[in-house]
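Should a chain be cited, it is by its letter among A, B, C, D and E, assigned in written order, with residues numbered from 1 in that chain.
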């Protein structure tokens, strides 16, 4: 386990009692407002001393109340992107970004690269007071990343940014996760971010862990939908086969061809695609004459009716397990049942760029 | 140069020197004490707080007398310093510096302390997560953010250094060229029937000098504030 | 019939005035209140209309100032007290010296300080400087003189040992057993030391007149004498 | 025009030169980070005095540089939800919420109702320092709404909130817009929010207005997609016909029946539904055996190929104009062209709750 | 009660009264001046700034003398106030209040001004958008947020009120029961042969009283700070 966290803490009427262990990669902390996400992250960062706790990151014990171990924040090797940006008002953007260089030797992260990715090159000589909200947040992200952290804590880092900017920054977190194997604790409300980035999902509710597990399991398990049904979706592993001239990329997922808007990955590379359950149309007959390009044959493994009018079907296809959200009315009309065969129809354009990520699922 | 006598010019120069060094020396100590009072909980904190305020509560003559008892050549601290480091305060301009610094210390500490208490600890936390140890957090974040308080404290100390009378004359007496600062010279003139005009001249000069320091500090503060300006 | 009287007196008379206040109130039934401060401050306050009925100054100069400004009740001014200045030492073993032009004051000081009240502003200092000058001793020791705000402070320096020697009034020296008088300055080496007293113009109440009379009476004289003053008035 | 804004202002290297007029309702200001959205709102609020400007709201001139008119902020009758929450740290949550009552008589907005909607009842006696990020933002929203503003300025008010909470708060903005006819200037990056709330869209780019117009036009015009193609979508007007037992609501849209997850509106009430272009599957033949319940026949009015692999088709159907996003490959394969007839397939569950709003389109 | 003489007890009571009223009166004026200096740009701003600092720059005797000239019965201001409102400062305890207030004014203003400059204008803007006029913004947002500075200013003024000597004795003389505060009594005792012990007693009592005020202020500040604590 890369990160192991056990915390007990009281704050007024709120009690945190969280206990989770996660493998390498990016762990998304999910939960409603006030469920304790920031409190957990602060305790991991050493900014809050929990009543009782034990935090180990990559074999290094940061906190062990029983043993009296409690590393101060500056010796925890963190990059913390705060929920509010917390830029130093007396330093220029450049000095903010380079702040950690005064204390840690920069090795991995390349200043120019980070600045370019975040689109803050023209802001370097400004003071934080003269930035817009989103600009501040981007500088704050850069400042944390440039500290060459061995653990990243990110509290809703992209909430204030527009979609285009999000799409530019997300791959960087992927790279940190995959290439540099920096463990990341990431708070997010966005299902797309979760699906794309999460190795592991930890769902918090009133200070307790309500669900946890590998992202593919948690998101792809029709019986639990900790992030709400709209976040349900399966993650398929695929491999790039070709980039076509009309702007589509052809993938191979367990022998089934899939067409996506051009992906940035090279031919032969593995990628993971999240297919949201609500984007999948089911058909008992092989469909034809449709605008949707991706059709996957499969067998219904499991069908679960939700509290509302919907149901979630999990489908075993050659490409892997797929989730589909349909109305109970349709399920009845189509006589969907466990063991029934059917076709899953997925629109190419319905797969959002933020749902396509590098790396194996 | 006949506007003031030579002795008076000497007093002016001496006053500037005393105010300058008093400001310079009490600043670091003032910052330290202010930080301790603002941020640390330790036994004797309240006693330290009272000690800092003493020069304000007691008549200056008493403060001067206590300084004489402690830092005079016969006093325990004064004797020690003289024996160990060859530093003498008694009847020297250094003693005037000490008196001015002590008398201004409550203001220095208060000004800095107010600023420290206004610093958002969240910024200090952010600095810590970026690898700054406590000392570095202080140097890189706290200190720049409390500059307005430090400047205010320095102005008050400088002004007090130009104006301190009671403790200075009691501690180091009035020795022209050594310890006769502007206030001591003015007092002398006021004690003398008919000395008012020359006293007024000295007072005006003293005001002009202090006003210069004040203007400088305002300009500095403005610069600092502009830098930190929240949009 | 009892009245109120306010006296402004030089602060060096504190103890004497306490005794006199008691005696005066017992004798006359008037209510006396005494404001003690430096002669210069008191004189200025009287110039600005302070409610003083009688002024006793340690410095004739300030009394002259008020007289010139027409603030005194002209006929009431008189020289109340005299005093003597003495050379004192911190060292209890110090030998008495003769205060003559032959005295090697500099080597007596041996590099130490000579504490005096301000030689330009405070009477005790002015008299002291005049005496030293008269005895041709001033130039030899001028650089070693430390000047204090008042005589008491000069006395304090000697009694603490910060200055080995000092020049103060005999009255002050008598009151402090940590200093030793080693020489009396000749009376003719300096202008006569006098504390003038006077009533203030426009405030010549019966009570004020009674007080001026009382000052010259035997009870007051005894009180002043007990504090070491030379009583001039009669 | 309810709100008319003309502003010129320089901030360092940034120049704002915005000019727009909007009819009653909610105007979404859209634009990338740093495009000047907050600057515009601040100028309308009177917190920034532009070099030159003219602002009229509901016939009341708030600012007229030429005439020397410049109402101070407290006389502009605003409710400003700031990008950062700006709660008063020395006041409790309750006192923060009631702050404006000290200066304005409360008439319309009901304290208990707003508190309940925002889910902050249990926080009323806390100080703002003891709130989580999302809780602070909700209190800030409440504080602005409780001032009975005659103009609401909202700068990304919901960015920090989770989906469930958003879904609870959005109807309140609708009510303000429709029932109380309070003009609202609303900054948002969320296409769903834009689609659901916006009467008018103003797109800012580098301080200038790049596009503006009625939301239905801007979002439904296949030739302009100021918010990005993923935000494209048509808004249909419909009327509630029945609420079925299986949790679906049946609507009538120009004679075509539509099935949606239960909507909160009463039978006979008008509602507007945004159908995102990327959710629509096209078929040349009448489809059958599909899980999708909503099938709308139509004729292709317009087909525009985008820069990437996609194209946007606008379809005239009895329910109104619909947008569909397809790949150019599919368009070719299906021989889609202007005038061609086809069927639009829309999944019931693909219509997000935040895409369904009260009021006529 | 034989620990102190009756006159000395009178001095203690008087000192408390003077310190209390000096604190009370200089507070609103100090806040106003601090606000003006911190926030407004007006002609004469720098002159006002210098004026406020004058009591610090000049020897207390000069300040006292100037007060005497202005507020004495013969002085222009004093005469006016007496004629119009029947308020007399000269040689009354009210004059001691005035002297203490004036001498402490630079600290009061500085402390409050530092706090005002640390207030985030964004909060004041938020209050304005919620309908608060300038005055109300000040009352409901600025004032509560600068309480630490106000408390600090009040403490300094109170302490100074207990300790002020030079300006007081010069302005209102040393009249037992009327203007003889603790510092004046102490000074007199120090002038008196053998008065040291009683002077020390008075000094200690004065320190104890001021320490009480200090502790009270610390407690108040803590309460205010806890309320405003950023998590």
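Worth pointing out:
Here, a contact is a pair of C-beta atoms (placed from the backbone, for glycine too) under 8 Å apart; a residue touches a chain by one contact, two chains touch by 3 or more.
This one's a predicted model, so the numbers in the text were calculated from it and none came from an experiment.
Traced through touching neighbours, the fewest hops from subunit C to subunit D number 2. Distance between Cα centroids is largest for the pairing of subunit B with D.
Counting C-beta pairs in contact, the chain pair with the highest total is A-D. Centre to centre, using the average C-alpha position, subunit A and subunit B are separated by 57 Å.
Note: centroid distance subunit A to subunit C, computed from Cα atoms, is 91 Å. Mean C-alpha positions place subunit A and subunit D at a centre distance of 26 Å. Shown for subunit A are the residues in touch with two or more other chains, namely 84, 130-131.
Counting partners per residue, subunit B has 65, 122, 187, 190, 230 as the residues that reach two or more other chains.
Contact with two or more other chains is made by no residue of subunit C.
By the definition given earlier, chain contacts exist for A-B, A-D, B-C, B-E, C-E, D-E. Considering their complex, residues 45-47, 72-74, 76-80, 82, 84, 86, 88-91, 99-100, 102-104, 127, 129-131, 143-144, 147, 153 of subunit D touch subunit E. Contact residues on subunit E toward subunit C in their complex (touch as defined above): 61, 64-65, 68-69, 72-75, 90-91, 169-170, 173-179, 187-188, 190-195.
Within the complex formed with subunit E, the subunit C residues making contact are 6, 8, 11-12, 14-15, 33-37, 41-42, 44-45, 48-51, 150, 152, 172, 175-176.
For subunit B in complex with subunit A, the touching residues are 122-123, 125-134, 136-137, 140-141, 144-145, 224, 227-231.
Those residues of subunit E that touch subunit B in the complex are listed here as 46, 49-50, 53-62, 65, 106-107, 110-111, 113-115, 117-118, 120-122, 148-149, 152, 155-156, 159-160, 162-163, 165-166, 182-184, 186-187, 190, 199, 203, 206-207, 210-211, 214-215, 218, 225, 230.
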